[in-house]
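Next come two complexes, and both contain subunit A; in the first it sits with subunit B, in the second with subunit C.
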Partner chain A sequence: MSNRLKTGGYHLAMGLVSFLWVAPILWVVVISFRSFDDVAANGLGSLPHSFTFSTYVQAWQDADEFRALVNSLLVTIPAVLLSLGLASIAAYGLARYNIPFRRTVLLLMLMGNLLPPQILLIPISRFVELIGYYDTLIALIAVHVGFGLGFYTFVLHGFMRDLPKEIQEAATIDGAGPGKIFASVILPLTRPALAALGALSFTWIFNDLLWSITVIRSGDKMPVTPALLGLQGLFVSSWNVIAAGTVIAAVPTVAVFLKFQKHFVGGLAIGAVK
Partner chain B sequence: MTASAIEVKTRAGSAKRRSPRVSPLILAFVFVPFAVEAVWVFWPALQGFWLSLTNWDGLSAPTFVGFGNFGDMVSDPIFRTALKNTAIWLVLFGGLSVAGGFGMALLLQKERRGVGIYRAALFTPVVFSLVVTALIWRVFYQPDGLVDSVLRGVGLGDLVRPWLADPDTALYAVIVPALWRQIGYVMVLYLAGLKAVDPALYEAARMDGASALQRTRYVTIPQLKGVNSVVLSVIVIDSLRSFDIVWSMTKGGPYHSSELLSTYMYSTAFQSTQLGYASAIAVVIFLLALAVILGYLIRAFREET
Partner chain C sequence: MAPDRRTFLKGLGALGAAALVPGCATSTTSSGGGGGSATGEIALQSNLSAEQAKAAMEKLVEAYNKTGGGTVKLNTVASEIFRTQLPTYLTSANPPDVYTWYAGSVANSYAEKDLLLDVTSVWDSMGNYPKSMQTLSTSAAGAKIFVPTSYYWWGMFYRKSNFAKWGVTPPKTWAEFVQVCEKIQAQGIPPIGIGLGDTPWVASAWFDYLNIRINGAPFHRDLLAGKGDFTDPKVKAVFTKWREVLPYFDPKGKSFPFQEATSALLGGKTGMFLIGTFFADSAPKDALDDIDFFQFPIIDPKVPVAEEAPTDGYFASKKAKDPEAVKKFLTYLATPEAQELYVQNSSGTAIPANPDGKAADTPLVAKGKAMVNSAAELTQFFNRDSSDALQPTADAALTKFLDKPDQIDQILEDWQAAASKVFQA
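Coming up: the complex of A and B.
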C-alpha cells in the first residue's frame, strides 16, 4: 500500500515537473494562434479567445521568414557536410597511420575548438572583409567549418582508433590503397558516430547567433536564428506574430531531433562516459 | 595474456616494417583540415592576442600600447560589473544546472513506466536555439504576461515588475531561461554516466545494508568522477561563452545590469569599435577559461594513450 502511494507520488511530482517544463512552449504555441485584437483586449496572460493563422502568414511573408529559413539551410547543410567530411579524413589519417606529430596536431585541433569564440570575432570579421567575403553566406559556412573541425576530428579519431586493426590489414593485403580503405572500410564503420555528430552539428550551426551577426549584415542574408531577433523590431508588441515566428524557427531543429533522436542524445553523451 | 602481448608486439613491428613511409594522400588528408582550421582559428586567435595589446579604431593602423588595455579595465566600472555578473552567472547558472541536472538524472535513471516521457519533457528545450528560448521567455515576462497573471492570481501582485527592464531583476530573469534549457542537457550527460556504473556495486552496497541515500553518497557519486569533470568543463566553458541568451533578451542592459564579459566584448567591438580594448576583454575571457580548457585537454589526452 505505501509502495503504491510512493509510486503515485513519484508520478504526480514528475508529471507536474514535466508539465511545467513544457508549459512555456505550449503557451507560446497557443499565443501564436491568437489574433491581435484578442491579445490587445485580454492580455498575453489570458486564455485564448480567438483562433487565426494570419500570424503565421505575416511571419512567413511580411517578415520573410521563408527566405531566412532558406538562408539557414543554405548555410547549415553545406557546413555540416564539409566539416564532417574534413574531420573524418583528418581523423582517419591521425587514427590509422603513424603520422609525425599526430598527437600534437590532434591536441592543437581540439584546443582550437575550446577557445572562446570572442577572441576570434574581430580578426575574423576583418579577415572576411579583407578577402571580399563580408556579408556572404560563404563566409559564414567557412567560419562554422573552421571552428567546428577540431571537436569533430577529436570525436571521430577516438571512434576510428578503436576499430580493429585486422580489417585494415585485410584490405591492404587485397591491394586497396589508403583512399580506398577509407571510403569502403573505415567510413561505413564510422556511420553511427557520423550520424550523432551530424545531428548535433546541424542544431549547433542552425541555432547559431554570434557568428551570423558578426559576419553578416544585410537582412535578406540573415539565417533564421538572428532574423528572429529582427522580428522583434519589425512587429513591436505584436507578440502573437513573434510567437508564430518563433515556432517557425524552432520547427527544423525539432524535426531533426525527432528524426535522429537516438543519435542526438547519444551524441550529447559522447565523452560523458569516458 | 602474455601470448597476446607478444602477438601485438610482433604485429606492431611488422606493420612498421611494411609501411615505413606514410603515403602523400594520408598526409594531405590531415594537412588540408588542419590548414582550414589554421586559417579560421589559429591565425585569428594569434591576431586576437596581439590586438589586445593595441589601440585600434578599425580605420587607422593599430597602435601598440602594451598592457595598457588591461590597466584600463581596473578603472572601468562597466568591466567590473560584467566581471561580477559573469561570476554570478558561473555560480548560479553553473551550480543550479549541475544540481538540477544531477537530481533529475537520479530521479529518472531507473527504467520504469512514464520515465521516457518525463525525460523527453525535460530534454525538449535543449533542441531550441537560445534565441528561440529567449523569445519564449520574453513573451512570459511581458507586462500582463503569464508570469504577472500568475503572481496576481496567487495574491503576490505587488511583486509584479518589468522583469527584464528592472536593473535589480534583469540578470536573474535571464538566468532562469538559460537554466530551463541547460538542466535537460546536464541531465542527459549524467544519465549516460549513471548507465555506465556497474549495477553489481549497488547490489553489494544493498547487501551490506546501505540505504538509498547512502548508496547515492558512497557508490554513485564516487563512480561519477569522470562525468563530473566533463560536466564541470562544459559548464564553465559554456558560462564564459554565454552570449546569445543575454543578447537576445536584454543586450546586457538596462544600464549594463545584465552585462556579461561576452556581451560587453561584443558591444565594445562592434558598437563602439574599440577593437583593441574589446580584444583585451576577449583575452580575459580566454584566461578565465584557460585552467578548465587545459584540464579538459589533459584528461582527453590521458585517455588517448
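Coming up: the complex of A and C.
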C-alpha cells in the first residue's frame, strides 16, 4: 500500500516537473495559433481568444523559411559530417597510437573550447573576409567544424581509448594497416558515440545564431535562426508569427533527436567511466 | 597566445572545408560580396525587417529599378542583427553600398571615422528640405553625409473614448497635466502608462521631453554630446519635476515591455502613454480610430518649444564601388514620389521628410505633422542625439530613479561617471 503511494507520489511529482519543462514549449505552440489582434489586445500571457493557422503561412512566406531551412541544412549536414570525420581520425591517432605529446595536443584542443567564442567574433569575421569567403556558407561550415573539432575529438578519444587492445592486435596480425584498422574495426565500434555526438552537434550547429550573423551578410543566405530574428520588427514584433516560425524551425532538430534518441541517451555516459 | 591558435585552427578549418566541400560552393558563389562589382548594381542593406516595412522597401526598390537609372539589390537583415553588425559592414573590405540608418550624431560618428560617402551633391536637388534636416544630415566636418527620407513623432497617446468616459480633456500645460492625472487616478486607474521591462529606453523619452521643456533643446543636445554635466542643477530640476508626477505612473510598467504597455493603454488599464508613433503597429486595427495624442505639456512658456522627431534615412559607404550610381539612387530616395511610395506601403505613421511629400491621410498623422512643423527646435531621441553607447547609462540611471527617486543626487553622480567613461572612450 505504502509502496503504491510512493509510486503514485513519484509519478505525480515527476509529472509536475516535466510539465514545468514542457510548459514554455506548450506556451509557444499556443501563441503560434493566436491571431495578432488577439495577442495585441489581450497580451501574450492571456488565454487564447482566437485560433488561426495563418501564422504558419505567414512565417513560411515572410521569413522565407523554406530557403532558410535549406541554408541551415546545407550548413549543418556537411559541418556535422566533416567535423565528426576529422575528429574521429584525430581521436583514433591520439587514442590508439603512442604519438609524442599526444596529451598536450588533446589538452590544447580542449583549451580552445574553454575560450568564450564572443572574443573571437571580430578576428573570425576579419579572417574570413581576408581569405575571401565572407558571406558564404562555406565560411560558416568552416567555423563550425573548427569550433566543434576540439570537443568531439576529446569525447571520441575517451571512447576509443577504452576499446580492447586485443581487437587491434588481432587485426594487425591479420595484416591490416592503420587505415584499414580505423575504417573496418575502430570506426564501426565507435558508432554509438558518433551517433550521440552527431545528434548533439546537429542541434548545436542548426540552432547557432552567433556565427551565422558574424560571417553572413546577405538575407538570402541566412540560416533559419537569423531568419526568425528577421521576423522581429524594429519596434514591434508579431510574436504569434515568430512562435509559428519557431515551431517550424524546431522540426528538423526534433526529427534528428527522435531518430537518434536511443544512441543519444546511451551516449551521454560516454567517457564518464574510465 | 590562445586566440592565435584558434585563429590558426580556424584558418585550417576554412581551407580544409573549402577544399573538401566544393559541392556546397555552387549554392553560394553567386554575388559573393554583397555588391556587384562593375555591373553598376548597388547593394542596399536594410534593417527594415518588419513585414510591412520590408514589403514597402521591396516596392520602392522595384520602382527605382524600373526607372532605368540603375539596379539596386535589396538585402534585408533583421534589425537586431543590423544594429550590431553595422560597424562590421562599414569597415569590411567590400561593404554594401547604401544603408538604412538614422540622422544626427549616430551618422556623424561614422563620418568621423571617415566611413561615409560625401553626398553633398545629392543635396543640390533637396533645396526644399527644412534647415533642421540639413543640420541633422551634416557631419561635424561640414559635409552632407545623410539623406533623410522620413520621420515620426512622439506624443502623449490616449483613447478618446476613455478620456470622454473619465471626463478629462487633453491638457496643454504642466499644471493641467497634473490635474488630469489626479482625475484619472481618482477613478482607480493608473494615469501614466509605461513599459520598461526589456525596453528600458522608453523612459528616456520622459527625460528628453522634460529636459527640452525645462532647459531647452540646445542645453539638451550639449548635455548629450558630452558638453554638459549630469550633476548640473539644471539636470536635477528635470528630475524634481518628474517626481511631481511619479505617483501617477503605472506600477506594473516596470515589468513589461512597451508593447504590453500599449495593450494596457488600449484596454483602458492606463490613462495615457508617452510613446512614438511606432506603437500603433502593435495595436489591433479596430482600436486605432479611437487613438489620439496631445503634445507633451508646456512647462516653461519662455523656452522655445521643441519636439522629438526621430529622422530615418540613408547613408552610403565611402568605399561604394560606383559613387555616382549611389548618389543617383539617393537622389531618387529624396524625391516626394519615392517617399510617398514608401510611406503608403509601410505602416503609415511615418511622415515623408520631403516637405512636398504627402503623409498618410489620417487626422492623427496630420496632427502629428502639424505639431512637428510648428516646433521651433527638433530633437531626435536620446540614443540618436548621443550614441548607442550612452543609452545604457541613461537606462540604468532612469530605472533607478523610478525605483528610488529620493536618491537622485547619487544617481546623477553615477550617471555622470558612467557617461564620462563613454565620452572618453
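In the analysis below, the second predicted complex is superposed on the first by the 224 of 274 C-alpha atoms of A that agree within 3 Å, B and C clash if a C-alpha of one lies under 4 Å from a C-alpha of the other, contacts with A are read in each partner's own complex, and residues count from 1 in each chain.
Quick note on the criterion: a contact is a pair of C-beta atoms (placed from the backbone, for glycine too) under 8 Å apart; a residue touches a chain by one contact, two chains touch by 3 or more.
Keep in mind the model is a prediction, meaning the values are calculated, not measured.
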Task: Give one of first, second, both or neither to describe whether A:L108 is in contact with subunit B, with subunit C, with both, or with none.
output: both
Return first, second, both or neither, reflecting whether A:G146 touches subunit B, subunit C, both chains, or no partner chain. both
Go through the superposed model and pick first if A:L137 touches only subunit B, second if only subunit C, both, or neither.
second
Inset, instruction - Figure out whether A:I25 sits in contact with subunit B (first) or subunit C (second), or with both, or with neither. - result: first
Of the two partners subunit B and subunit C, more of subunit A gets touched by chain B
Q.
Looking at A:T203, would you say it contacts subunit B, subunit C, both, or neither? Reply first, second, both or neither.
A. first
- [ ] State whether A:T246 touches subunit B only (first), subunit C only (second), both chains, or neither.
- [x] first
Check your understanding: Who does A:P48 touch here: subunit B (first), subunit C (second), both, or neither?
Key -> neither
After superposition on chain A, the subunit A residues reached by both subunit B and subunit C are 43-44, 86, 108, 111-112, 115, 119-120, 122-125, 127, 142-143, 145-146, 149, 214, 226, 229, 232
Within their complex, subunit B touches subunit A through residues 11, 15-16, 19, 22-23, 25-27, 29-30, 32-34, 36-37, 39-45, 47-49, 51, 58, 104, 107-108, 114, 117-118, 121-132, 135-140, 142, 144-150, 180, 184-185, 188-193, 195-196, 226-227, 230-231, 237, 240-241, 243-244, 247-248, 261-262, 265-266, 269-270, 275, 278-279, 281-283, 285-286, 289, 293, 296-297, 299-301, 303-304
Residue set of subunit A touching subunit B in the complex reads 10-11, 14-15, 17-19, 21-22, 24-25, 27-28, 31, 43-46, 86-87, 89-90, 92-94, 97-99, 102-103, 105-127, 142-143, 145-147, 149-150, 153-154, 158, 165, 169, 177-179, 182, 203, 206-210, 214, 225-226, 228-229, 232, 239, 242-243, 245-246, 249-250, 253-254, 257, 265, 268-269, 271-274
The answer for subunit A against subunit C in the complex is residues 36-37, 40-44, 58, 62, 74, 78, 82, 86, 108, 111-112, 115, 119-120, 122-125, 127-129, 131-139, 141-143, 145-146, 149, 213-214, 217-222, 226, 229-238, 241
Note: in the complex, subunit C contacts subunit A through residues 2-3, 5-7, 9-18, 20-21, 23-25, 27-29, 31-34, 45, 47-51, 53-54, 75-81, 84-85, 88-89, 92-94, 96, 256, 258-260, 262-263, 266-267, 276, 278-279, 281-287
